[in-house]
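Here is the structure we will look at.
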Amino acid sequence: MGVRSKIWTKSLGMMAVSSTLALSAGAGWAADLTVWCWDPNFNGSTMEKAFAIYQASHPEDTLTIEYFDKTALEQKMQTQLAAGVTDGLPDIVLVGDEMAQKFLLAFPGAFEPLTDELDYAAMAPNKVAVATVDGETYSMPFDSGVTGYFYRSDILGEAGYTAADLEDITWDRLIEIGQDVLQKTGKQLLPIDTNDAGPLLMMMQSAGGWYFDAEGNPTIKDNAALRATLETYARLVNSGIVKPVNGWPEYTGSFTSGETLSTYIGVWITGTIKANADQAGKWAVAPIPRLDGVPGAVNASNLGGSSWYVFADAPNKDDAIDFLKTVWGADIDFYQQILVENGAVGSLMTARDGEAYQAVDDFFGGQPVWQNFSTWLSEIPPINFGIYTQEANAALVGQLPALLAGGDVDEIIDAIDAQVQAQIQ
Amino acid sequence: MKPVSILRHGFVGLVAVWSVFPFVWMAVAATNSSADVIKGRTLPGGYLIENIQAFMTAVDLPRVLWNSAIISGVGTVLTLTVSALAGYGFEMFRSRFRERVFAGLMLMLSIPFAALMIPLFVMMAKAKLINSYSAVILPMVASVFVIFYFRQATKAFPRELRDAAKIDGLSEWQIFAFVYVPVMRSTFAAATIIVFMANWNNYLWPLVVLQTNDKFTLTLAVASVGIGYTPDYGLIMVGAIAATLPTLLIFFLLQRRFVEGMLGAVK
Amino acid sequence: MASGVARREGIAGWGFVMPALVLLGVFMIYPILSSLWMSFQVGKGMNLQFGGFRNIARLAGDAVFLKALANTLLFLVIQVPIMLVTGLVLAAILNDQTFRGRTVYRAMIFLPCVTSLAAYSVVFKAMFTADGVINHVLMALHLSDTGVPWMTDPFWARVLVIIAITWRWTGYNMVFYLAAMQNIDRSIYEAARIDGVPVWARFSRLTLPMMKPVILFTTVISTIGTLQLFDEPNLLTRGGPSDATLTLSMYIYKLSFQFMPSFGYAATVSYVIVLLVGLLTVVQFFFARDRLK
């Protein structure tokens, strides 16, 4: 049946597509849903589980997942959208939240708005914000990039610091703690990749700031959050408690080997930390520190995260939307399952009342980590990523050596602004 | 040994060790768990079997090997045929017009592929070739790079051989097939290695034009497993080795040609 | 008749090159014309319009582009000669039939260009990190007091990229040289050796002139390869620090795929590479031809 509907689609064009879909809704035609995503152990696995639930009521339907590396997927999709060829695109695609605005605005009409299909009031506000353009929201929000401060509770404990000491602190307090811990243990607190914008973006968003305003215009000058971020970052990295690293393996290797004692990053790092079973019970998670002196600064932020999108020309568009709606948009038990089995913190806020979210985690010393993450998730200041985040990141990273060498923050802000203004013309 | 000889051995030995080091590290990493690789463990570990099993589960190895073999094998044969003919043609039969055409080809060689990818994709879509072997192979067959190589190598081909063959009554095509190809076999051997390797490792274009995992080449498959939020470096290294070995095998099989060459006499 | 011979030669000549020309015509002409047209388009994403020479004007005022151009040319001027000379010396040594272990050495030195990029970038980063093995060795040898800031200092990051490209492509070029050396008639060497011509003179007066076409070939392809350099800076330094290792190809990639896509401007930058290659190739062919006389 799937083959037949494909032949229809190809031979009769758009008219045939709509009539096939009309039939599929009414007469229970089988759909072979195709999905593109990038992690078979994470997002792919959750997608399979979601579909297994859906299949109970739609036994005819099937699911095919094609895996690509994340950057490869983005590049492939962009090439194809730019070529204007919809043939061969999947029904559903996973898009990184930081890329969403760019895709939505660069290729208008490529993705299907889901505003009327899903209850966005029930989803994390920051996730909805990144997928909204001109009042239409396009995504089924998936995993959150809610941040946490992951630390070695055993070693920090020996140095005299308890969980309460790390609760709701500022970055400057963390620097003090770090210097004390360095003196007592000889170990540095944080690995930071000084060629990466991520560590700064988390700071900036925690104060509700970004490079752009709600209309997408650059607000790099006169931006309290950005200025505080640059100043704090320079203090942090130059305080002696940071080990500069380069690239992902060295970064993750640093805190999983015990060379450094903590890191602040999105919740999706949990899998990497837990892969070291011998360190069970030696880790804990606190909220990330907040920026001092910026109005609206909180101890919660976001890095990464992704959402499902449906292509406007998807061969099985209606089935895809129905599937996302029934399982991803409503099934609270499903979210408990993927939390336990995949460590995936979804964006459906009602799911946090479920059993799994309430449970404690022995790896993290019996903390109710998931409950904590969902609390922080609801506190993340929503921002408009805008479409030029990558350009701004490039400009920011280019200025980091100057910043860390003690350069004047005003000049650095001017330089970032000048480069962003030049790039977005 | 004479001082010069020591110097030569020292230099070559140093370069060789330096060249092999990352490969050895990769082989060691393939025997360790991902967590150990990340921590920088440099000793062999006991995870090789597990990593291989994980790789075999994540990748349909026979399938992607077959895809790679077809694409690289057919691609290499076609590329060598078409490009050797052209390189020979441009060098042996010079004319002012063909020189200009050749200069134009050299410019084509220099256009970054990223600039051509989108229109090429449009063409493949119009021809209904998306997600097919042909879409990967065809644009690579007429390689300006290989044409240029054959043209330059042909400059060393003794023209007297061609003249003698002509007197013997061979046609131009027969000369190419029965005189030129055997004489230039070290050039063909080198070109085979280089073209095979280029096809085998080709990443960008196959990625764009192949849509489903069952059409993936080994290189694509290796690039899309073990990645994600918690990369499995042990598995990635097994994949990296699997992707490297076939080209290395071709190199070993063909490198004898460099030793023996056209005269073959060992002094 | 001479003209008959010439015509037959002409027909045969076209016959040999025709399959390649047809294929190139089918698969290259449209993409090239399309990308040329694209280079005159301005705008973001799919909202493109004809902009005349605005993209070319934008180049002059684009500090990032100028930096990428300078970096790329720097890599070209420094790296290509080092790599080609090393490759040639290695080929000369490993072509010597009396050199023990040459089969294994050849394979070892060829290995880098088949080693997967994923493994190679991980290893290189680990080796050259602040407290990596390279710095340990340098400090043990007292060549450096505090270790070299390979990744964080603009100068050393460029050195690192040059080391990495040389590592990966020297063996590759060596293969071309080895193949070319096999095409040289060994009896000429014998005669020269018997006449008492020293090794170095035999290499420079006999080998090098015979290899000139292939040396020209490797020079041209290395020039093109370096002008299109992408993998090494992308994987090792991500163009940093402060864009010190950003290349033109990385910039094209960013403009097309990472940034809000500016396909038109990216195409314009691509044609800057074409222009550079065109100029440099003419120069290289000129030198190669000049010395033949």
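Going in written order, the chains are labelled A, B and C, and every chain counts its residues from 1.
What we mean here is this: contacts are C-beta pairs under 8 Å (C-beta built on N, C-alpha and C of every residue); 3 or more make two chains touch, one makes a residue touch a chain.
What you see is a predicted model; the values in this text were computed from it and never measured.
For the pairs A-B and B-C, the count of C-beta pairs in contact is higher at B-C. Among the other chains, A has the CA centre that is most remote from the centre of subunit B. Between the CA-based centres of subunit A and subunit B the separation comes to 38 Å, rounded to the whole angstrom. One simple way to say how far apart two chains are is to compare their mean CA positions; for subunit B and subunit C this gives 16 Å. Contacts with at least two other chains are made by residues 122, 126, 256, 263 of subunit C.
Subunit A has residues 75, 82, 84, 249 in contact with two or more other chains. The multi-chain contact residues of subunit B, meaning those touching 2 or more other chains, are 40, 117-119, 122, 223, 233. Residues 34-35, 37-40, 58, 117-119, 121-122, 125, 130-131, 207-208, 211-213, 223-225, 227-231, 233 of subunit B are the ones that touch subunit A when the two sit in their complex.
Per the touch definition, subunit A reaches subunit B in the complex via residues 38-43, 64, 66-70, 72, 75-76, 79-80, 82-85, 87-88, 248-249, 252-253, 256-257, 268-269, 271-272, 275-276.
By the touch criterion given at the top, residues 9-10, 12-17, 19-24, 27-28, 30-32, 34-35, 38, 86, 89-90, 93-95, 97-99, 102-116, 118-120, 122-124, 126, 167, 170-172, 175-176, 178-186, 190, 210, 213-214, 216-217, 220-221, 224, 227-228, 249, 252-253, 256, 263, 266-267, 270-271, 273-274, 276-278, 281 of subunit C touch subunit B in their complex. Looking at the complex, you find that subunit A touches subunit C at residues 74-75, 78, 81-82, 84, 102, 105-108, 194-195, 244-247, 249-250, 387-388, 390-391, 394, 397-402, 419, 422-425.
By the touch criterion given at the top, residues 44-46, 58, 61-64, 121-122, 125-126, 129-130, 151-152, 154, 237-238, 240-243, 254, 256-261, 263 of subunit C touch subunit A in their complex.
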